[in-house]
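In what follows, subunit A forms one complex with subunit B and a second complex with subunit C.
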Partner chain A sequence: MTALIRKHAWVIGLAVLLALLLALTKLIQPNFGAPGLESLARSALPFAFATAAMAVVVIVGGIDLSVASMMAVCAVTAAVLMERMAGVPALMIVLAVGLAMGLVNGALIVLTRVPDIVVTLAMLFVWEGMALLILSSPGGSVAPWLSGATRGPFLIDGLPMALVIMALAIAIVWLPIRRSKLGLAIYATGSDPLAAFRSGVAVDRTKIIAYGICGLFCAMGGLSLAALTGIGEPVPGPYLMASVAAVVLGGVVLGGGKGGLLGSIIAVFILRIIRTILTLMAIDPNVTTIVEGVIMVGVVMLGTALTLRGARR
Partner chain B sequence: MTRILTGAAALAMSVAFAPAAFADYTIGVSNTVQGNGWREEMICAMRAQALVEPDVTGLIVAHRNTDSAGQLEDLNNLIEAGVDAIVLNPSNPDALNSALEAAMAAGIVVVAVDAGVTAEGAYILSNNQEEYAYLGARWLFEQIGGAGDVVYMRGIAGVSADTDRHNGFRRALAEFPNVNVVHEVFTGWQQDQGKQQMFDFLATGIPFDGVWTSGIDNVIVDAFVESGAPLVPIVGADNAGFVGQLQSVEGLAGAAVTNPGSVGGAGIALAVDILNGNAPASNVVLVDPVLWDNTTEDGRATIAAAQNPDLDPEWPVSTQIPGWTDYTLEQIIACEGPA
Partner chain C sequence: MSPTDTDTTPPLARLGRILRDNPIIPLIAFLLLLVVALEFMRPGIVMPIRAGREGLISSFWLGNLIKFAIPLAMLAACQVLTMLTAGIDLSVGVVATVAAFVCATLSSTLGVPQAVMIALATGFVVGLVNGFGVGIVRVHPLIMTLGTGLIATGCLQVYQRFTINTGTLIPPFLEWLGTGRTWGMPNGLFLFVPFAIFIIWLMRSTGFGRLLFALGSNEKAAKLSGVKSWQVLMALYALSGLIAALAGLLYLGMIRTPSLNLANPLLLPSVAAAVIGGTSIFGGRGSFAGAIIGALILRVIDTMLTLLQMPEGARTAMFGLIILAVTALYVRITGTK
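The block that comes next holds the complex of A and B.
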């Protein structure tokens, strides 16, 4: 039991912090309830998928700067397709497009041996241009069932539909991989590619697949953007930096090989609820971003200090 | 000192009048572009107008760089905060409907400024962007004699204001078949980017007869002056820096088209009117732009009257919307809302 707690100390710590922040929200705004939780989950949706995407490539030892641009490509693809064809096949095409973009990123990195950060920085502009080619200005439309799907509660009041969709989508993709040989290979490649290679892990293939999963999560992120807004927007949103922030806060080590998706997703909610609290308190918006940054670095520093102290004992 | 004094006077007045029969409204503001002179003036106009409206006691400002999904988040947070009205500069006309409909269902008055929204029941108060581009482009094409090559410096690809202006520009272009767009770029509405783009184009040596800018204007004049290139007619917005140049730069023929950021203040005034039961007859209130050029007597007189050294050079100089805003110039520059 204590071993389990120690192993997941970071995630448990984040969950406690989130609970405290939710309590604080309720304290500031006594009317905060089920509708508030629903809008929180809805606003976290694109961030959660962007963070899941980023987490997978960071775990494999890389980084993908084109996350927000891929989301934009998928959002406009969804909005353009759904104007012309049925929703379900369009959704499948968008997922395939995301997967393909991710695989292209991974293949370029592996084949050219150019560092991840350089390749994906270049691809950021390529995908951004692609999104503008598909749709030069915001437009298109989304199947009504898709925009309706993220609204309201699931079965019971206070359990937001958006949260259920988020959890299901990420779990269906990630859990089987995490429990399989591929998952082990991803962690092994991230912690030491040479050792992984010598132990018989197909390092290159693992990397390409990890980037493919990243693309797939970006497609889900793009779909969630389209579902939330009802249209496609070609200009990428603020998801790149936000996803890196949530991944770091979520306990994924930027060098690779350590951390998981759950912590990162909780971190997304922490960052969203902080914004809600700052809005409720009517804090000067120019100060808001400073506060967000300070809280983030503070939590990470505190966490590192606690981990170090724990390790010394 | 005067600023402190007027502030104190305003405070004293609000204290003195508070017990009277004034309402107790909290207004929420949502905006998605930060650090741009026009948007900063809009926010300051909102704060100043909220300060002088006796019925407004609270103002919550959500003001950051984000996309439509981020604006949805801000709007939902404002609904959670229990505001009486939301005044927003929408990032897109269609994308925000879910939150705006939720707001109106909760009895919150919704006023969109600067651009429209399609949510039914929302009020829209905006500058006419298509007319903005059309007025300036038509002046430019007439200025170059109805024929020639122009540089077309747009805003941000894919943003509705840019799309509306593009439609206006094309409408003017259709009226002048001998005018040719020799170079089209997106400045991103960023001063440094636009200036660099003009330096780059001047360096190519390709001749052109005029420049239309989407409000990134004073740095374009700077680029001409600094590189020693002969000036051509330039169209910009009524930003303080550019309007000053229209008066001071030797040999510059130019026109400023008004696009007041102070529509934000008018939006607050409209929201208060609606809350007090004085809703306008139509849901859409359009503010039409006017053109000030330095090639006519009338234009020069208007430009001279609009000069104010205290204004930020990136702010539009038309700081008031007649009939709507009540704040003083000091109040909008101070940029402070109700506590």
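The block that comes next holds the complex of A and C.
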């Protein structure tokens, strides 16, 4: 019960922090409004999907170092396909490609019995190479409606379309799973694989499926990347580090079994808005990197210290 | 990873046990196999005598192989040492880059010895911060070292803006160490051989080495036996930072152009070299000799893929697949994780 409260306390704390940071932004830049919010949501889009992908595998007790590379594969696939065929089938193919890549990762981990971190480290190179094979230099093009879909408000002014898409896409995939037996199996496998196995959870299958979901989110991340830039970029972006940071900041414990996607997504926005604030304060973008790193390390240190104290009590 | 056990036949199990006790044997066999394959791909590259030239083994080829494996093996030493305690050091690429950049930019103004000292000191400081986070605050090493790597990258970018006008100077002795040859062998060995002996000695015959193994095998037991884990981890990560800085200096002498991501591409291969070399990322088991062979294996694979003249993408993908295949095979044979 106390653990439950503490878990929720972390998410609530993050939400409060985000609200405070938004208020601070408004304070620094009084005319920060709907357009600012929209650009924030748009820039956070690929980060949010990468973080969701990472969160699922961390919850199941693994880690996926190939997230950024899979996103690159999906982005170039989308850009190449949409040049030649209609948008919607291409979209479906990209999602299927992402799912397949994730399943391959999971199957390899289960079959070879090599630690997750090593397998996905190797697959990082494989997917990166695939992206370069599909498209050796940035190019291709994206269906105009896909680029347009992330722009503008949704229904009411001030609610960015990008935010709605992000929330819907993640909720449609994750919520049914979270509520089903599979979700329980994912958490059980993450907290103790042996105990889960003995209680009748198909540990290996659960793991493969979790990696598949990770791949699916990566496909969405890749699509959003392609939508934001309008082209396919075969070189992976900085999404690996950023997603690990957001996942940990979001209260998902490395090692598995604890935390959720909501906290991680809020953490993405916190990290993005800090960047916005630093930019508004006219701070050198290079210094911004330092501040981001310090905040990430500091928050994780604080979080670890708090949980350790809680565990000792 | 899973509770199910793979059943092996007795003779295979016996072979597996022998190989598990001497993990270096299959690695050397695999390395030789790769070299033979390389020779078949391009006759004469390893044994010039077959192509009608002088010499049984090409000292040029061997020298080049060793030369480029040295910085990789040094960074792999950081991974082996930290992995012994179930950690990992993902800041080594950045630390090596920072050390190289600092050394190259300060040498012209401050003088070479001072620049080298400052470069090594930066590595030491980053290592201390890592050690503080991992040992005292108990942050997961993966996160901690990623974070310090990020911070160090930012600091490097800011630093670079201040030094944009001062020219760079590669200290002559680093250049000698990085590119020079003595009797056909790279001079880097003058640094690397004592270094390797030191690391192996440190791991095998010192109390510090035993503490690392103890912490990695069973941290609770080690603590109950009176090991102050934070002191050990602090010293370990500081040492790791120092090694990474040293590797960066050597790499600077080798590449001779400081850049903002000089040694960053070496980070993931250094993890791969340690893992191929039989070091367990879960702690308690590992050898530096294996990591050296791992680094050599990676370099031979690199040469093979370059010779095949594949597009860059296929080369990268093959590299990943081979790493995976080697580790999977290794795990299968020795029955370890």
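Simple rule for what comes next: the second predicted complex is superposed on the first by the 293 of 313 C-alpha atoms of A that agree within 3 Å, B and C clash if a C-alpha of one lies under 4 Å from a C-alpha of the other, contacts with A are read in each partner's own complex, and residues count from 1 in each chain.
Throughout what follows, a contact is a pair of C-beta atoms (placed from the backbone, for glycine too) under 8 Å apart; a residue touches a chain by one contact, two chains touch by 3 or more.
Remember, predicted model here, so these are calculated numbers, not experimental data.
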### Query
With the two structures laid over each other on chain A, which partner does A:L254 touch: subunit B (first), subunit C (second), both, or neither?
second
### Task
Between subunit B and subunit C, point out the one touching more subunit A residues.
C
### Query
For A:V119, is the partner it touches subunit B (first), subunit C (second), both, or none of the two (neither)?
second
### Task
Determine, under the contact definition given at the top, whether A:I290 touches first (subunit B), second (subunit C), both, or neither.
second
### Message
Output check: A:S43 vs subunit B and subunit C. Expected answer is one of first, second, both, neither. What do you get?
### Response
first
### Message
Output check: A:I93 vs subunit B and subunit C. Expected answer is one of first, second, both, neither. What do you get?
### Response
neither
### Query
Once the shared chain is lined up, is A:L225 touching subunit B (first), subunit C (second), both, or neither of them?
first
### Task
Applying the touch criterion given at the start, work out whether A:L132 contacts subunit B, subunit C, both or neither, answering first, second, both or neither.
both
### Query
With the two structures laid over each other on chain A, which partner does A:V164 touch: subunit B (first), subunit C (second), both, or neither?
neither
#### Entry: First, second, both or neither for A:A15, with subunit B first and subunit C second
neither
#### Entry: Common interface residues of subunit A - those touching subunit B in one complex and subunit C in the other
132, 136, 234, 284, 286, 288-289
### Query
For subunit A, which residues are in contact with subunit B within the complex?
29, 31-32, 35-36, 39-40, 42-43, 46, 132, 135-138, 147, 151, 225, 228-231, 233-238, 272, 275-276, 279-280, 282, 284-286, 288-289
### Task
Would you mind writing out the residues of subunit B in touch with subunit A in their complex?
34, 58-70, 72-74, 76-82, 92, 94-99, 156-160, 162-163
### Query
Where on subunit A does subunit C make contact in their complex?
63, 108-110, 112-119, 121-134, 136, 193-194, 197-198, 203-204, 234, 241, 244-245, 248, 254, 284, 286-294, 296-297, 300-301, 304-305, 308
#### Entry: For the subunit C and subunit A complex, residues of the former touching the latter
1-4, 6, 88, 133, 137-140, 142-144, 146-148, 150-151, 153-155, 157-158, 161, 268, 271-272, 275, 281-282, 311-321, 323-324, 327-328, 331-332, 337
